[in-house]
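Several structures are given next for inspection.
Two complexes follow with chain A in common, the first pairing it with chain B and the second with chain C.
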Partner chain A sequence: MRERIAIGLAVGAAVLLSYNLYQMFMVLPDEAMQGAIYRILFFHAPSAIVGMIGYFVALTFSVLYLSSGKLRWDSLSASVIEVSLVFSVVNIVTGSIWARIIWGIWWTWDYRLTSALVCVLIFAGYLMMRRAIEEPTQRARLSAALCIFGCVDVVIVWKSIEWFRNNHPGPVLTIRTGGGTMDPAMERIFYLNLLAILLMAIALVLVRTRQEATALQIDSLRRLANAA
Partner chain B sequence: MPGRLEDRPPLRMKTVQQALCVARKDLAIELRTKESLNAAGAFAITILLLLSFVFDVTSEETREIAGGLLWLVFAFAGALVFNRGFARELPNECLDVLLASALSRASLLIGKAIANFVTLLVVEFLSLIIFGIFYDIRWWLHTAPLAASFLLATWGISIVGAVFGALTVNLRLRELMLPVIIYPLLIPLLIAAIEITNLLFSAQPSLSEGLLWGRLLIVFDIVFTALALSLADTLLVN
Partner chain C sequence: MDPRNFTFMFYGFLAAWLIVFLYVISLARRGARLKKELENVRELVSSSQRSTSSPVQSAEPTHKQ
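Our next item is the complex of A and B:
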């Protein structure tokens, strides 16, 4: 059943992405100030949003693991973080490409860029740490702690750097500005691409959760064989 | 009747007293062996000496980044201290005994954090003196705000170090994993500490900017200490 849902979501994401790509490159005009490069926004911002949602979903799963002790929540949390990390990296890479063309530099220590990088560092450490621990409950406990501390830290980093450094373009979506900053046709494709990326992320999480569950089963069988 | 004072076990003390007891024990061991102090102190001084060859120590630019140099050294020296904090309890199953004792997990964690805090403060104080000599920095001009910022930042580093030192104590790659985990978490605290220290080393420090970063240090300390206390029972298990 879970496999069918994952395939359904992946197919949905693929169809939506194809439609969005057609709209982006064949229908929508270039942006007046930025030219063709503005299209990177359709992948840059949705990747950041999906990544951030993922970290806080993983935080919920980590709290659920600590309160229930069920390894299922740990597997879910690890899967969500892994997928979120991929989207965070996509966010940073696409942002760097945009910055190189618009600002003339690959990187600047702006608060959003810095907090995105800190996020990647924390959760890359999380994945490295998971690989270093073999015992599942110990791994789950440490992972849950790191996820909780990491999410709190991301919020603190965001607020701290926000006070001082800000080169990043401000919000353009109607939901943040009340309208007038983005063409409605462009905004429509933005939301459709956000949906496509979100569907893709959920499909990837389902696949990774299944792999995690299989890995746990193999691990318990191996332990059983060693004990016998 | 359960809960009556006379029925409570004699070992049961208040959390703060228990934490101070653990800290006293750790500091007494540290004073006798000087394991962490020697390692972290020697490391900090060596790095400060090496950095003096990287930069022109008399230039104004070097003074402007002095806070960064100093806090990087403290953060790295801190990892050496935190690695030892719980690892010294491993021989003779001392950690299991501590966890099975009447000590609350929260007081064990806070006690270890206090011991880390004191050890790191000693290393910081020694480094600051040497730093002042090597880099010609008059750090004593603003002693009170500098001391307050050092106390706040060091407590933040110590509590995070104690939590993850406890969680990684049984790991095969403990020495490698602890820095990988704690440094990204410490970024906001280190940013604030560096900014305040740079301000205090400058000719005319801005009070409002300093207070803003000081507020971040206080928020970090409160949030992470509260998290550590609330998760102590769940995270520290035999």
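Our next item is the complex of A and C:
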């Protein structure tokens, strides 16, 4: 059943992405100041949003693990973080390519970029730590603690464009500015691409969660074999 | 306008898809490895269960005789 849902979501994401790519390249005009490269925004920002949503979902699972002690929540948290990390890396790499043309540099240590990089490093560390700890309960407890710590940085990433002066552009979406900063046709494709990337991320999380369940099954069978 | 504008847009799209594609490949490989590992461990468990129950099986014919 879970596999069918994952396939359905992936197909939905593919259809939506095809439509969005057509709109991006064939319908929407170049941006007046930035030219063609502004289209990176359609992947750069939705990847960041999907990543951040994922980290907050993982935070919920981590808290549920700490309150219930059920390893299922830990597995879910790890799966969501891994997929979120992929989209955070997409966010940083595409942002860097955009910056090379618009700012003339690949990278600058402003609040937004630095906190986003720290976020990637924290959650990459989370996944490395999980590999280093064999005992499932200890691994789950430490992972939950690190996830909670990492989510503090996610809030800083999210709010940094409002709290600090940055090279990074400020908020442009109507939901944050009240309107007038982005063309409605561009914003529509932005949200559709956000939906497509979100569907893709959910499909990947479903696949990854199944793998985590298999890993737990292998672990318990190994214990059974050792006991016998 | 920077003449590399369109080229770098292409690089951006390429990088985004490449990262996702590489992750999907790694996910598929990990899935295959876990499946194989699960089969091996299941075999190990069933063989260890057979070996612990084998003295009883060998004793059965003696009782029948």
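Everything below uses one rule, namely that the second predicted complex is superposed on the first by the 215 of 228 C-alpha atoms of A that agree within 3 Å, B and C clash if a C-alpha of one lies under 4 Å from a C-alpha of the other, contacts with A are read in each partner's own complex, and residues count from 1 in each chain.
Keep this in mind: a contact is a pair of C-beta atoms (placed from the backbone, for glycine too) under 8 Å apart; a residue touches a chain by one contact, two chains touch by 3 or more.
Source: prediction; values computed, not measured.
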{"item": "Per-residue touch tally on chain A - higher for chain B or for chain C", "value": "C"}
{"item": "Contacts of A:I156 with chain B and chain C, given as first, second, both or neither", "value": "first"}
{"item": "Partner chain(s) touched by A:L146 [first = chain B, second = chain C, both, neither]", "value": "first"}
{"item": "Touching partner for A:K70 - first (chain B), second (chain C), both, neither", "value": "neither"}
{"item": "First (chain B), second (chain C), both or neither touched by A:R2", "value": "neither"}
{"item": "Chain A positions touched by chain B in one structure and by chain C in the second", "value": "none"}
{"item": "Contact footprint of chain A on chain B as seen in their complex", "value": "160, 163-164, 167-168, 170-173, 176-177, 180-181, 183-185, 187-188, 191-192, 212, 216, 219-220, 223-224, 227, 231, 234-235, 237"}
{"item": "Chain C residues touching chain A - in the complex, by the definition given at the top", "value": "1-2, 4-6, 8-9, 11-13, 15-16, 19-20, 23-24, 27, 30-31, 34-35, 37-38, 41-42, 44-45, 48-49, 52"}
{"item": "Chain A residues touching chain B - in the complex, by the definition given at the top", "value": "66, 118, 121-122, 125-126, 128-129, 132-133, 138, 141-142, 145-146, 148-150, 152-153, 156-157, 159-161, 163"}
{"item": "Complex contacts: residues of chain A adjacent to chain C", "value": "34-37, 39-40, 43-44, 47, 83, 86, 89-90, 93-94, 97-98, 100-101, 200, 204, 207-208, 210-211, 214-215, 217-218, 221-222, 224-225, 228"}
